[in-house]
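Take a look at the structures below.
Shared between the two complexes below is chain A, which has chain B as its partner in the first and chain C in the second.
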Partner chain A sequence: MDKSTRIYIGKKLLQFVISMIVLILVVFVVSRLAPGDPLRAYYGEAVERMSPEQLAHAEHRLGLDQSLAVQFFDWLGQVFQGDFGISFQYKRSVMDVIGDVAGNTAVLALVSFIIISLCSLALAIFCVRREGKTVDRVICKLGVMTGSVPEFFMAMIFIMVFSVILGILPQSGAVSVGGGGFLDRAVHLILPVAAISVSHIWYCTYLMRSRLSDEMSKDYVLLCMAKGLSEKQTVYRHCVRNITPSVVGIMAVFLPHLLAGAYVVEVVFSYPGMGKLAVESAQYHDYNLLMMVCIITGATVITVNIIADIIRRQMDPELKQERGQLL
Partner chain B sequence: METMEDLLRIKNLKVSFDTSDGIVKAVDGVSLCLKKGESIALVGESGSGKTMLCRSILGMVGNGGLIEDGSIIFDGHELVSAGEELMKSLRGRKISMIFQDPAGALDPGVPVGDQIGEVLEIHGMATGKEAKSRAMELMRSVSIPDVEIRYSQYPCEFSGGMKQRVAIAIALAAGPDLILADEPTTGLDGQTQRDILDLINKVRQDTGTAMIFITHDLSIVKEVAEDVAIMKDGRIIERGSADRIFSAPEHEYTKRLIRYANYGKAGSHSHTGERRTGRNTVVDIKGLCKSFPLGRKRKHTVLERFDLTVSEGEIVGLVGRSGCGKSTLAKCICGIEKKDGGLIDIRHGVDIQMIFQDTGNAFNDRMTVREMIGEPVRIATGKNAGEDEVLRVMDEVDLSRDLIDRKPWELSGGERQRVAIARAIIRDPDVIVADEPLTGLDVSSQAQIVHLFRKLVDRRGLALLFIAHDIPMVEHISDRIVEMEGP
Partner chain C sequence: MKKKMPYVAVATLSVIILATLLADVIAPYDPGYMDLSAISTSPGKDHVLGTDTMGRDLFSAILYGGRISLVIGIAATGISTLIAILYGTIAGLAPAALDDVLMRFTEIIMSIPSILLVIFIQAAIGDATVFSIIIVIGATAWPSVAKIVRNEVKQIRNRSYVLAAKAMGGSFFYILRKHLMPGFMSTIMFMIVSNIGSAIMTEATLSFLGLGLPLDELSWGSLLSISQRAILSGAWWILLIPGTVLTVTLICIMDVGEYLRVNNKRGAVIARNGFMKRRII
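After this line comes the complex of A and B, so read on.
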């Protein structure tokens, strides 16, 4: 690794730290500003029967009587000791609650991400090589249609068709009762993954398609053909290779959309994952849980984007020449 | 038999193009023979069909292009009806092409050495290490220094001239019988242009490859070819030896091209006779400095202690290779760039207008000619320019009145440049700074534009700072030439 690359990565790490600090601050403040009663989340209906002294005592026990700044630094101090607080609702450590379901979401998101990446690129290449022909136009129209259907609605259509009418796929959960084998999990993934993929594929395909189409109208394509390469060889050896950095960028930018989509789909399928936790914790003002869900999601997006930037820079000789700006 | 000697025989070739404006005949009945090792210069202005002719030989007329009629016989093969397999085996191997724009012609994402080696691999002539060593040899043969390092560098690390050398190495890689060179020196600055021409000549002598050299610039053809064919509107209107064409041109169009090619040289008419010195100085530049930051600590010095004066009614030609700071100077004078130090003294009440380099990009695509020309008036007064005002300047720059409602992309390069000039003069400036206004124009349009400038200067008594890298055209009209050395 040469010096400029090390400097670049150093800058990116610094960027990561700054982004994380901003993210944590914003998440903390916003979650506290949100209206609602965290005590109700913790004590449930019992809150209404508590005396003022009991309420004060409860607030004190949960640290809610301190000022926002004190609460923040208390919380930050605990975080650095590896204590992320307890979930008011589940009465368990936040990390335990998240740890139970994070794997489910990771599998759902990762499988969808891989499928969307590969299918979009394949579809983009397929369309560009037939640009303007009937098959390209039909795919474009279909893509706009599927891309316009929100994922929750797509999920409901899929449940309707494949679970209710055809009865071939399970409509909810991550495993069957008593099941839990690889096949059982895979079967439960099919519909959520399909719902996410179908509603998002066109977005990525569209961006890649226009990027590839631009690339193919460049002059070097003519020179490649004049060298004796076929159109197919030119596309795969030169054009696709040159848009790969852009594809990495597109997919990194797309990741938050995918996660948001996955969270929504999880709720529709009652799939035990971060999405369900996010919705519940927001509903019940479960601060510690809500913050961790937001922070983990945000950290994933920031990390992936920074890794994508580094990969892009390594792949693209022109980017490598530029000096990266810090912000 | 004569047919055996002929490497390339084109007969009555007709190529048409399907555009949104209907069918355009790009090549309209061209016949051309080329013997082994022979070279011919194909001279014509843009739109004359010379590029299409070459693409037809390679079977690459592109989308919308159609070879309507005629035949192209290369080395015994009929190419017009040839299948893709045969064409693929000929392209790069027997017939190769050097493209006009070296910046765009190389794949930005592949090391240059691999792009040269690729030709050998495609045609099964060498693979792996052998391809690499052959590619290095080729790079040496086109005089690229430090081949070991340069091999694995990317095009963005090469200058324009170096990129063109790489493109030439690619064209030579498989030892073709015919090279099609499509304006290989256009867009390069003077010295680089000469270097590339020398290289092409050397290649031709060393390898004995036949060549079709396409250019719009008659002044270089003598250096590259024995034979010249003049092309206009898809037809070859005159063909002969270079000596004959220059000494006794037959066609009126050829005569005109030769006249333009002689501008700035002895024997041509000149506009520089009536010098008007001793007039008032309008722009006085002393010790001008300008640099741009490169990263945080380094900086790139473009102008260092630069002096220049421009007087009323004078045309000052400013020439120099690209990158020497000509455009930066123009922008500093007009106040678009802030100077770092020195003095730019503009006489009180003097109004300056600038004409930009690339008229293709300098206009807003959504505006009509009327709006573009009238824009300075609108900016200055807040009211739209009157139609008579716009028409008056359009007449003055010889722009047809019918064009008033056209959009920029519906205009030719020459017409766009006239719009830019009209826009510059509508507010009656005292000084015009024109930054490379001839770039990308045909010689005819170039000649018309420089004459237009001369006319405007003489009629309006304004001063013109004329920036260009094409020295002959500048010399033709300038009262005074200033050469910029660069820092």
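After this line comes the complex of A and C, so read on.
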């Protein structure tokens, strides 16, 4: 690793820390929009039975009588010590509750992510090689259409067709009652993954297709063809290789969209994951839990984006020449 | 490649908008009326599109629900566009350091998936109403547009006409309105249009998840929120009909947005060609 790379990674780490602090600050400020409710979030209905002295004591104990800035730094201190608060709904530590289901979401998102990356790259190559022909135009139209269908509607249609009418795939949960083997889990993943993939594949394909199409109009492609390479060889050996850094970038930008899709689809399939947790905690006003889901999701996206930036820089010598942004 | 005017999409959209506007005239039933003797009847003579699990006429409910869905889409996009234009212009005109900070902030906001952010803010401010949903969606949908506005403003901020206006003492809003907005409006127009679609989709998702409008406040989302149980009993129309209307609307909006986007890049060339032709004739 040369010096400029080390400096670059150092900058990125600094950027990560600052981004995380701002993310936590934003989430904290939003959570305090609750109309006088953090007390209720903490003690639930018991708030109504408290005497004024008890209320004042409780407010003092939670630090609610301090200014917002003091509250924030107290809370930030707790967070850095690994104390993320108690989930009011589950009466357990927030991190325990999330730890139970985070794995499920990770599996769902990762499988969809891999399928979408591979399929959209394949589809983009397929389309570009037939650019302007009927097949390409039909795929583009179909793509725009599937991309406009709301995820929950797509998921519901899948449930209706494959679970209710055909009855071949399970319609809810991550495992069947009493089951839990690898095959059982895999079968439960098919419909959610399909719903996410179908509704999001066009977003990636479209971006890759236009990047690849730009690449195909460059001079070196003409040169390759002129010296006798077949179109197939040119595309696979040169063009696809040249757009790989862009593909990494596209997939990093795509991650928040994927997570949003996964969260919604989880709820439709009652798949025990972060999305279902988020919706339930919103329904039960369990703010501590909801805050943590937002922070963890945001942190994942920020981390992946920074890693993607570093990978792209290593892949693409041109990016090394650029002056990085200030932060 | 110039894209043809999407006549089908525009026509379909006009029909849908007109139908929701004329809901009072067209709707055969009161959308809120629960006919307990006609629960989950399939499409037929009495009820053209059938009834839902609460005995409401689906056709009337879709017409009145569409009104709310479209209003939310348009109003929320209005708010987010306003924020985006102000934020983007300030970032574009600001010195490099402040610009970096502002842009970094939008990226952090965008790192939380928008639907999660909407759920979070809506949960924090309490029970959902049409008004609160408009505000929440409007407050979360602006970062992507703001980025484009900022890039555009950066390109035109040093043009002589902007500098001249500044030198003559034009205020921030005067320059924004007279000199900057005409420059970037055509570029962000396609995003504004597709944001209307996203806002409608966000509302539908939110209500479907049970975090948006309650069942008795009709929108396409709240109408669909009862479909989960309905399809288990085989009442497909409760899911498919409102869902299809919603999806068709979204596809049409996206199609119009796509038309604006594709034609914008070459907008200047097309305009010049058109002008030349007229002169020759």
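By definition in this document, the second predicted complex is superposed on the first by the 291 of 327 C-alpha atoms of A that agree within 3 Å, B and C clash if a C-alpha of one lies under 4 Å from a C-alpha of the other, contacts with A are read in each partner's own complex, and residues count from 1 in each chain.
To be clear about the criterion, a contact is a pair of C-beta atoms (placed from the backbone, for glycine too) under 8 Å apart; a residue touches a chain by one contact, two chains touch by 3 or more.
Just so you know, these numbers come straight off a predicted model, no measurement behind them.
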item	value
Partner chain in contact with A:139 - chain B first, chain C second, else both or neither	neither
Chain B versus chain C as contact partner of A:317, first or second or both or neither	first
Which superposed partner A:33 touches (first chain B, second chain C, both, neither)	second
Of chain B and chain C, the chain that contacts the larger number of chain A residues	C
Contacts of A:224 with chain B and chain C, given as first, second, both or neither	first
Partner chain in contact with A:208 - chain B first, chain C second, else both or neither	neither
Which superposed partner A:193 touches (first chain B, second chain C, both, neither)	neither
Contacts of A:128 with chain B and chain C, given as first, second, both or neither	neither
Contacts on chain A seen with chain B and repeated with chain C across the two complexes	none
Parts of chain A lying in touch with chain C, wherever the complex brings them together	15, 18-19, 22-23, 26-27, 30-35, 132, 144-145, 147-153, 156-157, 159-160, 164, 256-257, 259-260, 263-264, 267-268, 278-279, 281-283, 285, 287, 290-291, 293-294, 297-298, 301-302, 305, 325-327
Complex contacts: residues of chain A adjacent to chain B	218-220, 222-230, 233, 238, 241-242, 315-318, 321, 323
Chain A-touching residues of chain B, taken from the complex the two chains share	58, 60, 84, 88-93, 96-97, 99, 101, 104-110, 118-119, 122-123, 154, 156-157, 167, 170, 295
Residues of chain C defined as touching chain A within the complex	1, 96-97, 100-101, 104-105, 107-117, 119-126, 197, 201, 204-205, 208-211, 224, 227-228, 231-232, 234, 236, 239-240, 243, 246-247, 250-251, 253-255, 258
